[in-house]
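Shared chain: subunit A. Partners: subunit B in the first complex, subunit C in the second.
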Partner chain A sequence: MRTELSPRLKLALYGLLCVLAIPFVFPTWWMVTSSVKPISQIFAFPPELIPHTFDWSSYADVFRLQPFAQQYWNSCYIAAIVTVGTMAVSSLAGYAFARIRFPGSNLLFLVVLLGLLMPTEVTIVPLFQMSLKAGMVNTHWPLILVPMLGGMPSVFSTFVMRQFFIALPVELEEAARVDGLGRFKIFWTIALPLARPALAAVAIFTFLQSWNLYLEPIVYLTSPEKYTLPQALTQYVDVYQGPMWNIQLAAATLTALPVLVVFIFAQRQFIEGLAHTGLKG
Partner chain B sequence: MARRESLAGYLFIAPQLIGIVVFVLIPLGLVVYYSLHEWNVLAGTFKFVGPANYEKLASDPSLPEVLLASGLFSAGLVVFNLSLALLLAILVNQKLRGIAVFRTLFFSPVVVSLVAWTIVWGFLLQANGGINGILAMFGITGPNWLRTPATAMIAVITVQVFKNVGLNMVLFLAALQGVPRELYEAARVDGASRFKQFRRITVPLISPTILLTMIITIVGSLQVFAQIAVLTQGGPGMSTTVLVYYLYQQAFQFHRFGYGSTLAILLFVIVAVLTFVQWQMRRKLVFYEN
Partner chain C sequence: MAAVAIRNVVKRYGANTVIHGVSAEIADGEFVVLVGPSGCGKSTLLRMIAGLEPITEGEIEIGGRVVNELEPKDRDIAMVFQNYALYPHMTVEKNMGFSLEHRGASKAEIAGRVHWAADILGLGALLQRRPGQLSGGQRQRVAMGRAIVRNPQVFLFDEPLSNLDAKLRVVMRGEIKGLHQRLGTTMVYVTHDQIEAMTMADKIVVMNAGRIEQIGTATELYDRPANLFVAGFIGSPAMNFIPGPAMGQGAGITVGVRPEHFEIADGGLAGRVRLVEPLGSDTQITCDVDGIEIVAMFHRRVAATPGDTLSLRPLAGETHRFEASTGVRL
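Here is the complex of A and B:
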């Protein structure tokens, strides 16, 4: 339906687009601007869309009230390990299911796909119990191992990688096989470098999944220096358990802005990558 | 050679397979086993009670409310999300200068931390918050969104839709761009209106994507937890206590691991049935599939 539009229709479309953009943009703007307003101003009427006085004290409070730098690091390193680990696990498995013939591969693929049907919420009670037995409660291990090896993100990534390798022409690898290269060598030197777009998609998808985990951290982690960011954000409350809004918003800004900035610079990879995983999945 | 090849295959899938066995299959077996037990973690009781938890589930006075909340949330989310996603995809598919900027804006909440996004909306939706402030400038007195049963559900759905609709938008956009342009040209020559072109060409040709996004969105909607925990804690009353939140309350706040496991089985059955039904619907709803 891409046809040339009349100027009046164009103007109407721009108007519609701008109105529709408000609920997508305004919350982020409001988060950033409210976080630098003095506490007396954040519920001011009429709402102050552009702050005229700046008060950075809520940012100091973010670090004063909780070990926020430590919590930031926790989220970063957990997401990094899960992302790299999932790329390794899922590209190996995806490649094998797409290329290597071995007895039972179809059945095993169905078993793996079962993981797609299984929201982690279903197995959270036994996983907690297993972690307790293994001494992993209040450690980051369950947040790393489960998503990377057996959780929905890892299974989904395997599926994406398999679809990608199926679509990749096999001739490129056959020449190498005639030369007597082993499977792993072929995978590592020929197939994997070609799979960069799929790997990028898997990486973005997995990173966002890990970065957003909320149920799992609040179930497994009990001490503030172990908390991850989503969990830490909700801990800035007063003695009546009411949110300390300016501090929560400052912490939320610190959490959200870096990823947003990366997104703005790499938006093509983000959008096409996630569209790719969705389409093929 | 064939044996070495098989060995390579097993080694390649080993990490994933071990993960599935340890973190999916064994826990699934355990959850069934736990559901047959009366297990209070605080009291330290653990005894076999057979189907008692399932009988309790059937007569749980909260269950109808929980299922209603889950049903309303999922239905509202899917309808709102898919129709908005399709509208946005059609809009950003137009030939307009600067359209990529809008595509980026609509997509941007996808990369914002879920809890950060939820906190800001919670802040905006306070009785004296930004949304009611803006309404008041037009002389409208807004409700206390998160403390009124009807608006609380609308609020949690809305927060979730704006967070993730960008993802479905790009899926629809890719599908729209895959529709051969000659079809529209032929239809125009035959005098078909824009609306007719949309109904007779666009919708049938993107129907596989509609079904796919519907499955992803429904299964995702059944997993909603953080938004509920941060915005409403299941309230007011039980109006936003969806199944996963109820499961979390029973298992981890009231320490009833046995009953919590029974609720987990219910969740699993619902997800499995929905996925199966939608997969079957594919034959009826989807016109073209490659």
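Here is the complex of A and C:
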């Protein structure tokens, strides 16, 4: 039975939570406010939490110095394809591992899980060699195919989906079999619609992974018009290779925007999805 | 409607045999209950009839057709599951019409059948709700509705009342029985509750450890149990088993006496009263007779208190004799 907290204790707890939130909120606040400060004020001491003048020119410079719109589009469509593709692959694979008994299924699942233990740095050189041979260097294909078909996001998502489908009552599928459905229709009309919370978690996780991908783009991509956002952010430097802080922070604000929007709107489903799979953070 | 024949059916999981060659005939339109303790194989047998579990040996026939190799959808059966197995993301109406939809029925036909079933089960006002918005009893009715819209040859029920409270169980028991009388369709019903079995069944199949112990009507099983297991399983409170010598019989005999077949009269077993349970019109008394616990039930009020000594005499012609070593009725 839950005990009702006293108002004083509640207030103290909220106060504590606010203090604990500072390390997470402050960098975001600093990024957004600094993006509209003149460069001379960014490192002023004491720091100005609310700028007294607003300089929007850095936002114009973001688009003037690089094909930022094109790079934004690159990140958007790559993340979208990877997200949808990973949802499809991981839900099918997760369902198969959860429900279809075939010889060696557990061993195969273990092999798939081993993918989580393999650091990207270990696999990136052979993958680069393969991409080179396939003529895919300086294209977006490695950034789409690798995470979707065998990278960490798809392995993790397969695990999440498998856990969800295992928890789904078998009787639902048996009822569907009696009702006249075959294996794929059971997956499509019964299991998948019920897996919405898990799919939402997979979608958000995969989208963020793809959106934030940094090492792979700098290995595979060489032309600025092919860059994705994390890679593009590093290109806002002056002639001495020093960062142009206000422009970089303006670009970073624009980059963080969709992620914040996605998380604000889908945080409940994201947490529910992970709770369903028993993967509480 | 169809008859069901189960012939020498065996079920093995690896080296473990859970059904040992059982055979039973279920007549067209009959209400048959498979009853037995947990793990006796009754649900496995039902699932084999449904096609949800492969048959290791033997054959199952539905409506004169061997169905061993047929998928559940091709057996023309409908099943009600223990946890109802309603699709949580669909409305009651959609749940009930789902099977018809996937069998290519027209929208008008689906609507007609769903509303017919909803009328029978009193679900008319709930058609647009989702299962999560229903009570246990309502979900149970929807599960039955989903089964009857298809007008199958055989209904299969897998402990459908075990998630309901005692009061609702009695109500739903009556509803299922009423449904059988109304539709006249063959029903095979699994339960571990012998009261449910006795009140509902035309014929009861008593199972134990993967074998059929006895098949018969409720009164046949009650009046002439084939062995000690059936004698002890059917009837509540359970039959008393008394070693033969205590009843003037041979050492290899076990005598069974039902609790209501005792009278308080001279010349009986001297029992020290341990517990008196007044049940309104009846009185249940538990006595200790030379270390053997005897339960007696009297359809009247008995003025006895713990520590008293009663002489419990079995009614003439109401004792059952079993061979102690095999448990078989003599």
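The working rule: the second predicted complex is superposed on the first by the 243 of 281 C-alpha atoms of A that agree within 3 Å, B and C clash if a C-alpha of one lies under 4 Å from a C-alpha of the other, contacts with A are read in each partner's own complex, and residues count from 1 in each chain.
We take it that a contact is a pair of C-beta atoms (placed from the backbone, for glycine too) under 8 Å apart; a residue touches a chain by one contact, two chains touch by 3 or more.
Predicted model, so just to flag it, every value in this text is computed and none were measured.
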Fit or clash between subunit C and subunit B when superposed on subunit A: fit
Touched partner set for A:Pro47, first subunit B, second subunit C, both or neither: first
Partner chain in contact with A:Leu11 - subunit B first, subunit C second, else both or neither: neither
Touching partner for A:Val237 - first (subunit B), second (subunit C), both, neither: neither
Which of subunit B and subunit C A:Ala134 touches, first, second, both or neither: neither
Partner chain(s) touched by A:Ile39 [first = subunit B, second = subunit C, both, neither]: neither
First, second, both or neither for A:Ser90, with subunit B first and subunit C second: first
Comparison of subunit B and subunit C by subunit A residues contacted: B
Three-chain overlay, closest Cα atoms of subunit B and subunit C, distance in Å: 8
Complex interface listing, subunit A residues touching subunit C: 169, 171-172, 174-181, 185, 190, 193-194
Subunit A partner contacts - residues on subunit B that touch it in the complex: 4-6, 8-10, 12-13, 15-28, 30-31, 34, 87-88, 90-91, 93-96, 102-117, 119-124, 126, 128-130, 133-134, 136-137, 158, 162, 166-167, 170-171, 173-174, 176, 181, 184, 194, 197-198, 202, 209, 212-213, 216, 219, 222-223, 225-226, 229-230, 244, 247-248, 251-252, 257, 260-261, 264-265, 267-268, 271-272, 275
Residues on subunit C engaged by subunit A in the complex (per definition of touch): 50-52, 71-73, 77-79, 81-83, 85-89, 98-99, 102-103, 146
In the complex with subunit B, residue positions of subunit A that touch it: 1-5, 10, 13-14, 16-17, 20-21, 23-25, 27-28, 30-31, 34, 43, 45-47, 88-90, 92-93, 95-97, 100-103, 105, 108, 111-112, 114-115, 117-119, 121-130, 145-146, 148-151, 154-155, 158, 182-184, 187, 208, 211-212, 214-215, 218-219, 229-231, 233-234, 243, 245, 248-249, 252-253, 255-256, 259-260, 262-264, 267, 270-271, 274-275, 278-279, 281
